[in-house]
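Worksheet: the structure to be examined is printed underneath.
Order of writing sets the labels: A, B, C, D and E. Residues in every chain begin at 1.
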Amino acid sequence: MSRFTHRALKKVGSSPGTLVHVGERKLDKVRLSVMHYTADSLTERTIDEVEEGLDLVKEGTTTWLNIDGTHDVALMENIGRRQGIHPLTLEDVLNTTQRPKSEVFDDYLFVVLKMLRYDTDEESIASEQISLILGENILISFQEAAGDVFEPVRERIRKGKGRIRGFGCDYLTYALIDAIVDHYFVILDHVGRRLEQLEEGIDNHPDAGLLDEIHAVRRELIYLRKQVWPLRDIISLLLKEESSFFSDTTRLFIRDVYDHTIQTIDTIESFRDILSGLQDLYLSIISNRMNEVMKVLTVIATIFIPVTFIAGIYGMNFTHMPELEWRWGYPLFWIVVVAVVVGMIFFFRKKRWL
Amino acid sequence: MSRFTHRALKKVGSSPGTLVHVGERKLDKVRLSVMHYTADSLTERTIDEVEEGLDLVKEGTTTWLNIDGTHDVALMENIGRRQGIHPLTLEDVLNTTQRPKSEVFDDYLFVVLKMLRYDTDEESIASEQISLILGENILISFQEAAGDVFEPVRERIRKGKGRIRGFGCDYLTYALIDAIVDHYFVILDHVGRRLEQLEEGIDNHPDAGLLDEIHAVRRELIYLRKQVWPLRDIISLLLKEESSFFSDTTRLFIRDVYDHTIQTIDTIESFRDILSGLQDLYLSIISNRMNEVMKVLTVIATIFIPVTFIAGIYGMNFTHMPELEWRWGYPLFWIVVVAVVVGMIFFFRKKRWL
Amino acid sequence: MSRFTHRALKKVGSSPGTLVHVGERKLDKVRLSVMHYTADSLTERTIDEVEEGLDLVKEGTTTWLNIDGTHDVALMENIGRRQGIHPLTLEDVLNTTQRPKSEVFDDYLFVVLKMLRYDTDEESIASEQISLILGENILISFQEAAGDVFEPVRERIRKGKGRIRGFGCDYLTYALIDAIVDHYFVILDHVGRRLEQLEEGIDNHPDAGLLDEIHAVRRELIYLRKQVWPLRDIISLLLKEESSFFSDTTRLFIRDVYDHTIQTIDTIESFRDILSGLQDLYLSIISNRMNEVMKVLTVIATIFIPVTFIAGIYGMNFTHMPELEWRWGYPLFWIVVVAVVVGMIFFFRKKRWL
Amino acid sequence: MSRFTHRALKKVGSSPGTLVHVGERKLDKVRLSVMHYTADSLTERTIDEVEEGLDLVKEGTTTWLNIDGTHDVALMENIGRRQGIHPLTLEDVLNTTQRPKSEVFDDYLFVVLKMLRYDTDEESIASEQISLILGENILISFQEAAGDVFEPVRERIRKGKGRIRGFGCDYLTYALIDAIVDHYFVILDHVGRRLEQLEEGIDNHPDAGLLDEIHAVRRELIYLRKQVWPLRDIISLLLKEESSFFSDTTRLFIRDVYDHTIQTIDTIESFRDILSGLQDLYLSIISNRMNEVMKVLTVIATIFIPVTFIAGIYGMNFTHMPELEWRWGYPLFWIVVVAVVVGMIFFFRKKRWL
Amino acid sequence: MSRFTHRALKKVGSSPGTLVHVGERKLDKVRLSVMHYTADSLTERTIDEVEEGLDLVKEGTTTWLNIDGTHDVALMENIGRRQGIHPLTLEDVLNTTQRPKSEVFDDYLFVVLKMLRYDTDEESIASEQISLILGENILISFQEAAGDVFEPVRERIRKGKGRIRGFGCDYLTYALIDAIVDHYFVILDHVGRRLEQLEEGIDNHPDAGLLDEIHAVRRELIYLRKQVWPLRDIISLLLKEESSFFSDTTRLFIRDVYDHTIQTIDTIESFRDILSGLQDLYLSIISNRMNEVMKVLTVIATIFIPVTFIAGIYGMNFTHMPELEWRWGYPLFWIVVVAVVVGMIFFFRKKRWL
């Protein structure tokens, strides 16, 4: 359950806005990189001091400062001071268990969401928190660790492909959110495949192992749902907020990513429905099988129990048992046995058990 | 599950508005056809170049350009440029896994929905995405493949039947949506018939095969629901949008198709309820049967096990067993056996098992 | 399922507003009747031509034209032309599978609802569609067949009882809707009685037949729900609509019928809850019984199986079996058997199976 | 089910506002009583004619007219005429199956709700309908029968305790509603106790009788819910209504009773959840027991069936059975038997059945 | 169930605003303490008379008066009189079963919520009601007993850490609510651990004891939910209320605690889902085991019952049984037995029972 509650207990009772890193420390050293571009020019480099990035910010250009690793509290405070970021925002950036949300401040817009990737080894969803702070001519992105799903966006910036170089920071913010949401479809595709395997498994060998798999997929869907539902409100807010963080042009694109979010949510709900149906199906098949087992037992036992009793009778050692000495006693015994068996079979046929 | 998630993974990471065809390519060659009409005149023909159609557009006339197949990206870009269509719209047209939706742009109205047909061979719902772009004096419709449910509409245009020739593009848009929604009732009729067969099957031969059928129908209903629910919002938007894409006259007709959409949704929800009831009924019948099987086994076993024991006793070879030599030992044995059996039967009668 | 989907397929693809009768034709000949009244005067008669009725309409008087049977398309078109009724309204009147709804047009108000009656032979709800068109000084009602629940209203008009003669067409419209909604309580009373019988049946003889009854009642409730839920919106619309179809006086009465609608809906929901509880109860009782059957079998088998084995031992024919020749062998055998049986009984007592 | 539907069928078809008493007649004779008070004075008496009460009404004083029994139609009409009460209101007062509601009229405010008491003999909730009509300086309350939960309110008026004497009719209305809602907690306390007994019963002796109790409590909760939910809307309306029936001072108190209503609803929902959990628990325990029973049967049968077969073999009478004459045949038989039994026990241990 | 309904019955019927302590009396003597501070100064002490605290209140300073124990009615009335607190508020403070809520009065803001702590001995959630009254330059907090989760807040005040000393009463109110909500995560962490133990238990030894644990956790979640859901509305109200109890600066912090509340609610809902999944899993495992038990029984019984019958036949004592004298009778018997057993095993293999 830790995935649901690991909001570290060390935070409890601390002053709000206290900068304490909450979560697993996934990197040794914080890594800073910057992309600075206009329609015509591009600088991309790794930097040592955050000031190298912040100093690039200039009207008419776009600066994207990306920070891998949020455990360097001094660095975070430095950025907060330089950019006028509220301590509560910094606190949320450091808290890797933050619920996805978006908040408008006077000078910047703050978005937290979960970048999800499917860990095929563990057969479970791996999550990394991404925080975006959109200010004037600058976008700062925070990640828990190196590695992300933004490489295609960087590639488009490098090659000047699409409209990304010509548009500003708001479009870049959109592009990153879009990259994250696009990746949710990869997750859903994996989950969909597990549902297909489950369905096939239920058809072909509905054994006890499937129960664990049903349960595991349900857990994944509960987790996914918790991460994806807040996106609806986050992106609604971006669409509606009245300050001028987003141009009308970019807002059309945000409507597009909103559309994808709804589709993701719809698919999760459909998957839950399907999983619940598969569970019902599995349990019904188990139940049906038990029924069949019981019928076989009943048929065999019910046929043999009476005739075994008859055999038992003529195994008795009473001195006076006339049947034993009859000439046709033994053949008669067999006639009775056959009659009982045939009668039973008729009875079972009528009951449709055979 | 692919029906739910086959949003092609090749799209992930690409620039938004990148025109990539997503989905199965159902046609070799894109097929363009155009109907151009006023109340008094009609031209209908297949064309090779999209310009042939677009050049017909004129105030006071209606041009319906239909395109079967959306995989020709160059053609799509051409149309987009000529008609001022936003790249995101074109992207959605090409993505055959797009969620049904409607969007208002400055120059046009965009509607995507699913044309559903019942594939009686597969016993499943076949879906084709229809995109409608309603501009000034022109409606462009995009289909995945040849063949649609619009033939009656074309027939009405050809024969000048009804009000269609006299009204404009907005009424034509309505007419196509209406044709699609009307077809949902055909689908529901099929599903309703499967439910009836299920019900009959449960009454007459509740065997294990029905489980698969219950599960299959549930899957169909989950899919249907996912496609039909968004229609409610789509058509609400058409009813309420403030720009002048629809005349008040046409809006009355849209209210009619809204009504049908609600009816479709209501029916799907009722079907879900009924299916869930049928599943309960099926499982209860299975459970009842198991009960009956158990009772037969218990009655037979419980009657014969004690008397078999008695027979076993007198089959023993102890030297000193006085009963064996009694004159009336054997008849007495039978009296005891009959007494036990009769007692058991009384007991079972009291328990209402017989 | 046809009750849910029998929207005739012949409508699919036809021009909207095409007048085609959809549904079972329940009458040979359309029957027209008219009531024309003021506070002081009343004319009531059956008429042959619809004009006879429409010509009576006059400011300050109320004309109620009732039409039994809607399959005479020419007649419908005639009425539509004379009264300025929109083709879509006429289409809905003819379509006996129309979802209950109310719609405001410029010149008239249109209400469709279902008149429900309990068919005690079939033990199911019989439904007839009633369409009401409220115009200036005239109310036209359409029925599928002769016979309705309006007789008490007619009686009040004839006898000048209550306020009906003094008030106008809008009050008459209310009175008819009220008569229909009042009848829903009769239906609910019947369903309530079936639930009571079910409950009694479950207490006294929970056999398999009850399953079908549970399922049948559930089906009735699903159907009822589908017909009654839309009433809430219909009557809300009448309460709120801004044009002057209803006087403030009548609106107070509509608030009353709204109240009854909510009560109907609440009762249906409670019945669903109760039915679901009864189903749980039934299944639990079946499950409990199975448990009891199993216990009897287990007790009997477990007591006799070991002692039968012992008897089997001394039925063996080994040459060297010292026990067989012991003087007290046979009594000892009985002592062992009794000890085993008593031990078993103690064990079962401890387990509370006896 | 009659508690849910006993809206008497005699009302069906009658003119709206027709005064017909619906429900059980719980009193022989209507009983009228009046309290007339200011901050300084108090008159309290039983009266014969309603005019005696109505004549006391005076600006600056409060008159509370209480009527036990609503079956005297002439009396009701008299009150209606004198106080200008709408026939629909009177009709609702007489209909003891009225859904709880509040309605604002020009001259008065009308509230109907259910006074609930726990009938400890029947172990079910007894309900009495209370109607309140709040006019200018007068509150009229109608009850089905003598006896109510208002005695503490009367006591406060008599003793001039609290603020009740100084405040007006609106505060009195609040005080009565508060007394009724306070009593819901008594009901909930009883239901809570039954849930506790159920839980204890399930722990100690989960027998079949508990099923009926679970079902009975569920029925009570469904009924309670139906009566309590409407209160939320009733009291919201009182809080928000714009006319001047309630002073701002009293409105603060109404906010308090609203708070209690929400608490009642929350508790009912929690109880439903808990009951559903108890039902699951009960069924699981039954299921677990069955499992245990089956295991005992299986262990005993599986151990003895094979060894009984072996004994059966050496009970056969073949002429040529060498084992029978072996010197150590019989001891060997026992060795085999013990080996089989020990093997079986090992097997069951591994399976964790023992 | 008392935790849900112990709203003491002594309150029923009493005058609203009557000060009666409801709940367990957890302290002998009420304990008053006060913290009075500005950015530069701090006084903290225990006081005997409430006036000592109230007299400290001064523009530009913050006074926090904390009262442990609410059973001293005279004291409460005194505070109420001095601070102008509405009797209904005082009543709610005294009623320890009050539903969490916030209410705005003209002169103060009133918040009630539950401070939850996990009682590790009882393995259940311990709850204490906290009431906060935020007035001009003073915050009064009421507790049921000594001991709370506010120590870190006091520490911050003492050390002048964070912004707390510089901000006013509204920030202090926020800080206390934040401390309480932060503690909910500790509770959720405990519940999460129990879910993990449950899951592990189900995997390793799914015995009957787990049922009680599942039920116990469900009860905890129902209780938690009832206490936490109202927080959403409480904090929304604080965010939106228009009077000037909260500065804009503090409101940003309240948005932060709102965020935590939503996260708490989401986690509770996820836990409910997970618990329901675990219950399904547990029941399915039990069901699967029963199936396995039945199969073993069926296989053993079905193999031995027929061969035991055959042995029974040749144990019969008929004079004329030719097989008995056959030279190869006994070996033949074994051949038949082996054939039957092998046949059965093939049959079971085909059925996949072995």
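Rule of thumb we're sticking to: contacts are C-beta pairs under 8 Å (C-beta built on N, C-alpha and C of every residue); 3 or more make two chains touch, one makes a residue touch a chain.
In UniProt terms the chains read A, B, C, D, E = Magnesium transport protein CorA.
Here the structure is a predicted model, which means the values were calculated and not measured.
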Chain labels contacting chain B and also chain C: none
Omitting chain B while every other chain stays put - resulting connected groups: one piece
Classification of the chain D:chain E interface as same or different, half of numbers criterion: different
Between chain D and chain B, distance of the C-alpha-averaged centres to the nearest whole Å: 41
Chain centre separation in whole Å, for chain E relative to chain A (CA means): 26
Of all residues in chain B, the ones touching two or more other chains: 287, 290, 294, 297, 301, 305, 308, 312, 315-317, 321
Topology of the chain contact graph, where touching chains are joined (line, ring, star, complete, other): ring
Ordered ring members, chain A first, chain E second: A, E, D, C, B
Complex interface listing, chain D residues touching chain C: 1-2, 4-5, 7, 9, 11-18, 86, 88, 91-92, 99, 101, 103, 208, 211-212, 214-215, 218-219, 222-223, 226, 279, 282-283, 286-287, 289-290, 292-294, 296-297, 300-301, 304-305, 307-308, 311-312, 314-317, 321, 323-325, 327, 329-330, 333
Residues of chain B that touch chain C when the two form their complex: 149, 151-153, 156, 161-164, 174-175, 178-179, 182-183, 185-186, 188-189, 191-193, 195-196, 203, 252-253, 255-256, 259, 262-263, 266-267, 270-271, 273-274, 277-278, 280-281, 284-285, 287-288, 290-291, 294-295, 297-298, 301-302, 305-306, 308-309, 312-313, 315-321, 351, 353
